[in-house]
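Going by the order they are written in, the chains are A, B and C; count residues from 1 in each one.
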Amino acid sequence: MNIDGICASLPKEYLGLKVQLMCNSLPKLLLGIPLTIELVVISLSTGLVLALCIALMRISSSRLLNIVSRSYVFYFRGTPLLVQIFLIYYGLAQFDLIKESFLWSFFRDAYWCGILALTLNTGAYTAEIIRGGLQSVPHGQIESARSMGMSGILLYRRVILPIAFRQALPAYGNEMILMVKGTSLVSTITLMEITGIARYIIAKYWTPVEIFLIAGIIYLFINYLVTRVVRYAENRYTPYLQANE
Amino acid sequence: MDFIHLLSLGDQGWGDEMLRAAMVTVMVSISAMGIGLFVSIFGTISKLSTNRLIRAIGNTYTTIVRGIPELLVIYLLYFGFNNAVMSIANSLFGYNQYIELPVFLIAALAVGIISGAYSTEVIRGAFLVVPKGQIEAAKSVGMSRFLVFYRVLIPQVMRYALPGLGNVWQLTLKDTALIMVTGLVEIMRQAHIASGSTYAPFTFYVSAAMLYLVLTTVSSRALNSAENWANKGVKREKA
Amino acid sequence: MATALKIKNLTKSFGSLDVIKGLSLTANQGDVICIIGSSGSGKSTLLRCINLLEIPDSGDVWVNEELISMTKNKRGEPCPADRKQVDRIRTKLAMVFQDFNLWTHMTVLQNVIESPVHVQKISKQKAIEHGHDLLTKVGINEKATHYPSSLSGGQQQRVAIARALAVNPDILLFDEPTSSLDPELVGEVLRVMKSLANEGRTMIVVTHEMGFAKEVASKVVFLHEGRIEEQGAAKDVFNSPKSERLKQFLASNLEA
């Protein structure tokens, strides 16, 4: 399969867009997908664990833990992801203390800074989703379980958590898509995921609209897959909620 | 120069520049939100239409704009608008110099189109949630379709849409940070310029973060009051 | 005596389900007609066809001897020919719903004056005065500036009745007005409805309250599977039912 051969058969320009160039750039952009997926998967999974800890801190009786978790969520939901990324990557480099410590090998690497920023960001939003899910469990369901003698961990495991999970599914599906989109921001700190590669190609050929269009289509496709996965999960776990198509 | 000096107002410090940039952020956000709401009127009409083609247009709009990273949408619209205006000027007037549209306009339009997609979803959802009985009661006392729409449907839709639109506002506010790639001097770009000049990125990005926090907090307080006003007739469910 | 309402050969189906299968009914001025029957017999649908909240598939409806003109829309489905006629006729046919349906964003008084002011173009002053009179009549004037959400079900339904009266209708339609109410609140609503009947108002009431029907109705209509199974004066229908199904229905409903 000769990509150049296939692309050469396309017209050079169509509707003002350099179609041949778009076709040639496609394989290069596709090379960015592994990094994008990697960023998404690592930050979502680490973020989920973090969010669970934050959620536990939130409902704990310790005032300190409460304040810490609430401030964390407040900060990361109240500021743009871009600021969070820049602060970690550019901001921390201001301090000699960090530059001279063992942490520097972590913080000077755009990859780790990106993962950290994405993880912290999704951690805050996911913590709120978990909190929302737990709160939206109808009281009646809990009371009926309690009235049968269920309590403590059993109550959580068999009634509260399964229901909270199902309530939170749509919101978490949305968060997954937001994370896929969020990875494009790490292109601003030199990471070569899809958007990063796109910007590199554009700097070379100066065809921003064409390249960003292709990149956009790639993201649409990835998000489409994510949406399908979420819908499958919704159908499997909440079949009673799905509208009759 | 230490923290306080860097951020002071006046000639030596960047404080006044940062505050001015914050004003720009607020103005772009308000413009974008307004554009978004305007667009969402058409989006909602389209998505609620009985005509399949019209519905498809609305669905395509919201799916694409919400499925592509905002950074890409902003890049696409920024370069796209400039290119489009230039080719129109070229073909219509034979003007082939480089045209650059005012950055504020493009920035507001770009974020506005993104904001509009989310607003469309919120308002559409609100329409579908209004209890049918409210409409039937209005019809049953002889209200024309216009009266039903204007006196009963719209007030109820606004009430249901307010929390969602509040979220869209917060989203829009934060999305304006991405405008920095267009060169418009809002908070992020100003912080970027200042840190380049002073080699104190932490100071300025922290200030940027603080400014955003102030904006989002003030917004959420205002939105809470608005929600309470809009719900004045309704018993709120205890959270 | 003028015919307030006349229905001829009404049919209505929802998809493949035939709900009303050829029904004719006449109501004179001052009649209080109670429609009874088991669920699914088409009672509510019949009522909703009168004020066109449901569009009948075929048949004619005359309100005050005026025929509601119907035609077919682009898809061949029946629809009203003149929207303005429908709006106008609806003001003669106020409806009280099972779920009250008070507008939640307006106060009690605003609910009552909404149609007089905006549809019938009555001056706001007059509408407010009339509104207060009606609210006093149903016994709830002290709540005029409250919002519906702060009222009990029975109070909300009484406001709904005042709202219906405010448009000066010729016929009052009641769609199971007490079915959503707690038993203790049913009485206050029935009392208001009784006084309306005593005033000589034309009322068509779909209800399960057999006691009310027995006491107040001038005619009782028993619906079964979309057709009128039996009809007649209240004491005839209740004390000497002729059809088997009516006997069964009364037996199962009166033992409660």
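Assume a residue touches a chain if its C-beta (ideal position, glycine included) is under 8 Å from a C-beta of that chain, and two chains touch if they have at least 3 such contacts.
Small disclaimer: the values here were computed from a predicted structure and weren't measured.
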For this session: Could you tell me which chain lies farthest from subunit A when each chain's centre is the average position of its Cα atoms?
Result: C
Exercise. Most C-beta contact pairs, which chains?
Worked result: A-B
Exercise. Between subunit A and subunit B, what is the separation of their C-alpha centroids in Å?
Worked result: 21
For this session: Please report how many Å separate the Cα centroid of subunit A from that of subunit C, as a whole number.
Result: 55
Problem set entry | Separation of subunit B from subunit C, taking each centre as the mean of its C-alpha atoms, in whole Å | 47
Problem set entry | Of all residues in subunit B, those that touch subunit A in their complex | 63-64, 66-73, 75-76, 79-80, 83, 87, 174-175, 177-178, 180-181, 188, 191-192, 195, 199-203, 205-206, 208-209, 212-213, 216-217, 239
Exercise. Which of the residues in subunit C end up touching subunit B in this complex?
Worked result: 51, 53, 83-84, 87-91, 93-95, 97, 99, 101-107, 114-115, 118-120, 147-150, 160, 163-164, 167, 173
Problem set entry | subunit C-touching residues of subunit B, taken from the complex the two chains share | 131, 133-134, 136-145, 147, 151-152, 155-156, 159, 232-235
Exercise. Subunit B touches which residues of subunit A in the complex?
Worked result: 16, 74-75, 77-84, 86-87, 90-95, 135, 177, 180-185, 187-188, 195, 198, 208-209, 212-213, 215-216, 219-220, 223-224
